[in-house]
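Okay, so chain A shows up in both of these, paired with chain B first and chain C after.
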Partner chain A sequence: MRDRLLFTGQLLFTLLVAAFLVVPAGLSIAAGVTVNYFRGIASGVTLEWVAQVWELYAGTILLSYVIALATLAVTLLAGVPAAYALHVRSGKISRMIEELITLPVAIPGLALALALLLTYGGASEFRRSWLFILVGHVIFTIPFMVRSVMAVFATVDVKTLDEGAASLGASPWRRFRDVIVPNAVPGILAGSLMVVTLSLGEFNLTWMLHTPLTKTLPIGLADSYASMRLEVASAYTLIFFIMIIPLLVAMQLFADGKQTR
Partner chain B sequence: MSHRSFVGLCLLPLAVVTAAFFLLPMARLIATGAEGPQGLAGYLAILVEPRYRATLINTVLLATATTLVTLIVATIVGMFLQRHRFPGRSILIAMLTFPLAFPGVVVGFMIILLAGRQGVIGDLSSHLTGQKLVFAYSIYGLFLGYLYFSIPRVILTIMAAVQKLDPGLEEAARSLGAGPWAVQRDVVLPALAPAFVASGAIAFATAMGAFGTAFTLATNIDVLPMLIYTEFTLAANFATSAALSVGLGVITWFILALARSFSGSAVAAAG
Partner chain C sequence: MSTVGGHGAAVDIKNCGKTFADGTLALEPATLQIARGETLVLLGPSGCGKTTMLRIIAGLEQPDAGGTVLFDGKDMTSLPIERRNVGMVFQSYALFPNMSVAENIAYGLKIRGMPKTERAARVAELVALTNIAGLENRRIDQLSGGQRQRVALARAVAIRPGILLLDEPLTALDAALRERLRGELNRLLRALGITAIYVTHDQAEAMELGDRIVVMRKGAIAQIGSPREIYFAPQNRFVAEFIGAANILETVVENGQLVLPGGRLPIHGAQNLSEAVVMIRPETIGVTSADSAHLSGTIDSVSFVGDRQRLVVSGAAPKPLTIDAPNTIQAKAGERVGLSIAPDAVRLLPPES
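For the complex of A and B:
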């Protein structure tokens, strides 16, 4: 009896917390397709707001994808070889480097953005282009790629595989391409999902680094929250959910797969 | 090419990117902090200047409250979800963790939908008491927003920690005559301490530095990230905003490093 009561109490509490998290997201989805939110869903269902968002903000959505994919490319090119090097040369210096590149995760995005602005704000061509935002995203996301790949190296014995291939006469580059990278695929995939998700949703850095001509999706969102009617802001949020949820589901499936293995 | 130089080459792209776009800018930021009219003493302004100090205290109190409430809520929920199997459990877990990837601005909007001028809480309260409750744009709204993004993270950590607990210890305590509360207090909670430290530190550091949520709810909330933002963009006070953001960065980094030395695992703040 007592256990039953305790179970019910905890379940109700958990449901309440879940409602706190899910109800506003549900409201925002509903508001995005409602003719008039103030009068409620009875006023009818429409895609007018979604269309309006597309008209006003399609550019921000496109730029967000461009930046996310470019961030992914840079983090792959710089992060994967670095993870290999840091793993192979696991000494004091490697740990220091790892520590150093992880710092941007522990520092608020606002501080990073100010640092970039103070240093490169005067280089106007660079400052005005979307590459400026790309740089911020790369610094912020690269530790996730490096760590994710290094985590895989820690579980498969890369050193032995590498030495085996070397003893058969394979050059360092061939070993990296044919032995190291294929073995790192799970970490590369997990890191890539993380990098793209973080880049698509990044606001703190991007708000400081953007210009009127380089607005990403979260910047547009902030803009619509401040100046658009609730239905339009909600429709825009709905589009963001549609973009981000497949990535989250993929990440979840990936984590589950790792657990059962 | 020798193996050694190949490994060196592998590090080169990362080294270039980090040096040019992190180390150099950070050095510039730290130098700028000392370039104000007060020189190096500008760094003390965060503690000495009454307005900045009040904001710092405000931010620390808000982050502490967020951390404590999040830990309590997440422990009850995480323990419950890990210890019981029932239909709909995995859907419930998915519902509790999906806000993980929401940027701060979106969290701010969620709070507006809950407690803003057209929010559900206001609707409910005006039905029940005739008074419309609107608090999204106050410090309570911001507090709710911080809870919104820290609860999912902490629930995940607590669930993982509960899973690793040895049920034998609890059985032993029970067989020795300990009541359910004593088992919780003397066996379960101490065993979860490292998870509390690690996830509490992340919640605290994130709440200290979160900008997007405060920006969306904006108006008259006095927290450190908003102060830095207004000093930089509105007052063009570069030295002060640099000094303040170095101070903020040191605080969040220190908290996370402290937590890591306790728990031994990697922790990160985002949002």
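For the complex of A and C:
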């Protein structure tokens, strides 16, 4: 009897906490498809706001994906070799570089953006292009790529594999291509999902770096909250959900797969 | 492709030392020649510098300035491992988890640009040679330790290297398998006629496989010699104690005879000495009746180990003597026995070693 009471109590508490977090999200999504939020859902359900958001912000959404994929490309090209070099070299300088790469995780995005603006703000062509945001995103996301690839390197003794391939006559590039990268695939995949998700959702830094012509998803969201009807902003949230949730689910599935293997 | 066929390359190591970045001296400058087709074993306890020596020969470490590595007279010192045409078997095997067994074996051939059909033929040849038929399409994580060892060996010799380098290749295996593979490895090395350099801390492996053994200690070579020389004629106390079991005695000498608590023992080469350090192997001591013997003592303990029995006899020498006696003799603790030791069996060691 006592056990059942305890169980029921715990269940209720859990549901309450979950509701506390889920209800606002639900309300926001509902608001996005309501004809008039102030009159409530009774005023009718519509996709008009979603359509309007799409019309206004399709370019922003597209640019977000371009930046996210470009960020991914850069972090792959720079991050994977960097992770390998940092894993293989054991000196003090390597550890310092590793710390340096990780630093942007701890520094507020605003501070990073300010530094970028102070340094490159004068180069107006660069400042106005989306490449400026790309630089910020790369700085912010590369530690996640490097870390997750290094974590895999730590488990597969990649240094000895490299020596093994070298003893068979493979040049450093062949070794990297044939042995190092294929054995780092789990870390590269996990890192890639993380990088894309972070780039799509990054706000602090992007908000400082953007121009009216270079906006990303979260910037557009803030913009619509500030200047549009609540229904439009909510419809925007709905679109954002739809884009980001599959990535989060993929990340979760991937993490589960690794644990059960 | 290698031009050296079945006979392998000669190796000349001149003055190769290694100081690590943190200042520790891993290897004192050493000079060593390895003949074509010879199997040389680097033997010693961990931290003696044997792996460092192997890695310098492989090209995985650079020797300190002044050291040179020559293969067949050609200076290899500045070449990285991928340009030395050596085969290497690692302690952890270093097999590629992203490739099948056959792909692992063929990798070095693929790098050398060998056509696919020739590659397949060579892989088939090696699979037969190393007894791993039927495993070609397995993934590496589906193999047992012994199978991995064979794949690693097949992969290393596939490229017809001038020199085969083996870094404790059997250490990761259990005792019974280790012994069986040791025999197989020995036959394979002889059949290939390849120059092989083999690192181990296991003296039984060193004895069975080595044409010559280099015993190493604390970054320096303690002795170089054939297994018999190393065993019967150790040049110093470290080698005597590291290889096999040894009784080491420090005693006074009179008229070329050791003066021991249990009697006198004539030895060779001690006419002008007043004291000596000597080594006597346990199996060279014979057990006789106490009455007529020049040297006698009392049995402390008897342990029967199957093929022989090990006696500990006190009172004969300054410290108890270990004796390996035939498993047929009757011996009991507390019994007095005579000991017969041929003068040849007593080996003089340098005093301070």
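Rule of thumb we're sticking to: the second predicted complex is superposed on the first by the 258 of 261 C-alpha atoms of A that agree within 3 Å, B and C clash if a C-alpha of one lies under 4 Å from a C-alpha of the other, contacts with A are read in each partner's own complex, and residues count from 1 in each chain.
Basically, a contact is a pair of C-beta atoms (placed from the backbone, for glycine too) under 8 Å apart; a residue touches a chain by one contact, two chains touch by 3 or more.
For clarity, every value in this text was computed on a predicted model and none was experimentally measured.
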Partner chain(s) touched by A:110 [first = chain B, second = chain C, both, neither]: first
Touching partner for A:91 - first (chain B), second (chain C), both, neither: second
Touched partner set for A:166, first chain B, second chain C, both or neither: both
Which superposed partner A:31 touches (first chain B, second chain C, both, neither): first
Touching partner for A:174 - first (chain B), second (chain C), both, neither: second
Touching partner for A:182 - first (chain B), second (chain C), both, neither: second
Contacts of A:212 with chain B and chain C, given as first, second, both or neither: neither
Chain A residues touched by each partner, larger count belonging to chain B or chain C: B
Touched partner set for A:156, first chain B, second chain C, both or neither: second
Set of chain A residues, in rising order, touched by both chain B and chain C: 166, 171
Chain A - residues contacting chain B, complex: 7, 10-11, 13-15, 17-18, 20-25, 27-28, 31, 37-38, 74, 77-79, 81-82, 84-86, 88-89, 97, 100-112, 114-116, 118-120, 135-136, 138-139, 142-144, 146-147, 166, 171-173, 176, 197-198, 201-204, 207-208, 218, 221-222, 225-226, 230, 233-234, 237, 240, 244-245, 247-248, 252
Contact set on chain B toward chain A in their complex: 1-3, 6-11, 13-14, 17-18, 21-26, 28-29, 32, 73, 76-77, 80-81, 84, 86, 92, 94-106, 108-114, 118, 120, 147-148, 151-152, 205, 208-212, 215-216, 225, 228-229, 232, 238, 241-242, 245-246, 248-249, 252-253, 256-257, 266, 268-271
Chain C to chain A touching residues, read off their complex: 21, 58, 60, 80-83, 85-88, 90, 92-98, 107-108, 111-112, 155-156, 159, 165
In the complex with chain C, residue positions of chain A that touch it: 91, 156-157, 160-161, 163-171, 174, 178-179, 182-183
